[in-house]
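Dropping the structures in below, format is structure tokens.
Here chain A shows up in two complexes: once beside chain B, once beside chain C.
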Partner chain A sequence: MMESLFYGASAVALLATVAALTRANAAHALIYLIVSLLAVAVLFFLMGAPFAAALEIVVYAGAIMVLFVFVIMMLNLGEAGNSREREWLAPRKWIVPGILAGILLLELVLAVRHAPASTSGIEVPPKMVGLTLFGPYVLAVEIASMLLLAGLVGAYHIGRRFIVRRDFSRPGDNS
Partner chain B sequence: MGGLQIPLEHVLLLASCLFSCGLAGLMLRRNLIFMLMSLEVMLNSAALAFVAAGARWGQPDGQIIFLFILSIAAAEVAVGLGLVLQIQRRFKTLDMDQANRLRG
Partner chain C sequence: MSELGTITFGLFIIVAAVGGAAVLTWFERRLLGVWQDRYGPNRLGPLGVYQVAADMLKLLTKDDWVPPFADRPVFVFAPTAIVVAMLLGFAVVPFSPDLYLLDINIGLLFFLGMTSLAVYAVLLGGLASNNKYALLGGLRSAAQMVSYEVFMGLSLMGVVMLTGSFSLRAIVEAQRDLWYCIPQFLGLFTFIIAGVAESHRLPFDLPEAEHELTAGFHTEYGGMKFAMFMLGEYLGLILISCMITTLFFGGWLGPWLPPVVWFCLKVFIIICFFILLRAGIPRPRYDQLMTLGWKIMLPLTLFNLLITGAIALWLEG
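The block that comes next holds the complex of A and B.
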């Protein structure tokens, strides 16, 4: 019963990802991507990683996807972008990237085919994750915080003129 | 409830399929937003493989690497979407073939 839940969630994740990456409309693709992330969260939960599952929903499907929604709504791409994307989605343009990705998939499948192991069935509780995170991995936590700070400063710097233009549009300021 | 006993190769197969989908999307799509989405899919599949490996040995390390992948994805998306806004403003398009000169 629970195993079939796992395979069902796997199928949903795979189908939703394929659907997301073949849509012409960015907003529709985003909804499919959120479905895929939620299915992966179900997989995490079933594998005994409830903390990772919660973070997948809160941070990935919540915060990061909301950023995408904001940007798509701000850009207001419209029908012209859709028709252009449809032209790019013609099957003959899929051939070469499809073959290359298929070769890589084949190699990965051959590499992992004979792994005679299964997941342990032990649930790793959030307390254990936290203790390890701030025990042996505390230096990596500091580095991740510096990475996030760099991302914050970089995003502010890159988006700065966009913000200025939207908020205080002065005549003659076309920088 | 505890976790399930799932063959590790099935989880790794799913992660491989997701990674290949993301790679094909990254190579094919010319829209910058779709390229960023493909990157998200690839990072997510790598995170799935890490969590599966953590569940294999019942250790928290896989989930901790998942946390770091999460913070990397957040930083990457913030900078990438800032670039999307600037490119849309300057070139009036998100087509990467039109914006390949690296010049403002």
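The block that comes next holds the complex of A and C.
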């Protein structure tokens, strides 16, 4: 039962990812990517990592992808964007990336075949994830937080020149 | 519960939630009428309750029109997304000690995930309509929801800290001595505001602000598809009320009456409070909304988290 669910979800993830790559319409591609992320969340859940599954939905599907859609809406390229994308997706341009990705896939399959079977059936509760993160991996957490802080400072610096002193006393002036 | 019992109960929850949302459309207008010193819909049937049926009949018989310039598949898909996400959210709500569908130890995160997926309905609806008002409404809602989601999750972490679990049943059980609305009043305050913003109801209904964006993201929607958006909004309202009851007001806990009755009573009172908010508070400007979210609510939740963490550690010794 679990196994068939697992393969079903993986098939959905693969198909959705392929569709996300080949769609010319950016909005459609993003919807497929969201479906792919949701399928991966199901995979996490089936492999006994419900916390990772929940984070996959909350963070990736729920927040990061929303920002992607947000950018698509801001640009709102329309048909011009679609035709340009279609040109980029011409079959001839798939050859070299396809070969490279194929080699990597082959190596991955060989590596997985020789690797020992991963943990299955053991459920990892959220508490254990927290203990591991702030136990042996505390350095990684700190590095990640510094990286995020650097990103924040960078974003502030880029946005600084747009911050003008606003005068809200006059109605209708929101520039 | 047996397999069949679970399925029946799940179907019952869906019917009850959708029915509740339908009745709520009438109830809200009546209650708003009371608070604004007028009648509201009071003509059809006792107290005007048949108005629900009349509204539904009207919406169902309307022409189900898809604009020719719209992105058809996405346009049709968007309204279903919000209803499905909101209904899935009900799966983790514990109605009484033994009346629940799903008791997983990530229950709270599941709820947060479903509310964050509901954003897509508004976003994609706005994008697929290919209309500038709809697009602006969708953009606004994306910014609003992402901003308010940040501290929506954080405002609940105080509750999780005190309980030590994400399971909603464990959270209710932990409130036997004291409801979390007292030690976590800051969390409750921020969660209510985030909840209103997430279900984009008045006063935070900027994605559909009718005086500036005609109808915002659902400008191009009509008939059944529009009804789906409305259904999703009311389902969201009920779901948020269920969550506030569970997390801060002791869920099914209470003396004398059976647990389910207590739960429904609390949910009902919170829904009335949300309607009062709608009647009492005007809509803020868009930049005020963003300032409120990032400069006031987010620091407030972080402060609450800090204090709660410190006290939890101190109590542990």
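We adopt the following convention: the second predicted complex is superposed on the first by the 150 of 175 C-alpha atoms of A that agree within 3 Å, B and C clash if a C-alpha of one lies under 4 Å from a C-alpha of the other, contacts with A are read in each partner's own complex, and residues count from 1 in each chain.
Please note the rule applied: contacts are C-beta pairs under 8 Å (C-beta built on N, C-alpha and C of every residue); 3 or more make two chains touch, one makes a residue touch a chain.
These figures come from a predicted structure and were not determined experimentally.
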Partner with the higher number of touched chain A residues, chain C or chain B: B
Which of chain B and chain C A:Leu152 touches, first, second, both or neither: first
Which superposed partner A:Ile34 touches (first chain B, second chain C, both, neither): second
First (chain B), second (chain C), both or neither touched by A:Ala140: first
Contacts of A:Ala63 with chain B and chain C, given as first, second, both or neither: both
Partner chain in contact with A:Met128 - chain B first, chain C second, else both or neither: first
Contacts of A:Phe44 with chain B and chain C, given as first, second, both or neither: first
Set of chain A residues, in rising order, touched by both chain B and chain C: 51, 55, 63, 67, 72, 74
Of all residues in chain C, those that touch chain A in their complex: 71, 73-74, 77, 104-106, 109-110, 112-113, 116-117, 119-120, 123-124, 126-128, 135, 138-139, 142-143, 145-146, 149, 153, 164, 166, 285-287
Chain B residues within the chain A interface of the complex: 1-14, 16-25, 27-31, 33-34, 36-38, 40-41, 44, 47-48, 51-52, 54-64, 66-68, 70-79, 81-86, 88-89, 94-95
In the complex with chain C, residue positions of chain A that touch it: 25, 27-28, 31, 34, 50-51, 53-55, 57-58, 61-63, 66-67, 69-70, 72-74, 76, 125-127, 174
Chain B partner contacts - residues on chain A that touch it in the complex: 2-3, 6-7, 10, 13-14, 17-18, 20-21, 26, 29-30, 33, 36-37, 40, 43-44, 46-49, 51-52, 55, 59-60, 63-64, 67-68, 71-72, 74-75, 77, 81, 84-85, 88, 93-94, 96-98, 100-102, 104-105, 108-109, 112-115, 117-124, 128-129, 131-133, 137, 140, 144, 147-148, 150-152, 154-156, 158-159, 161-162, 165
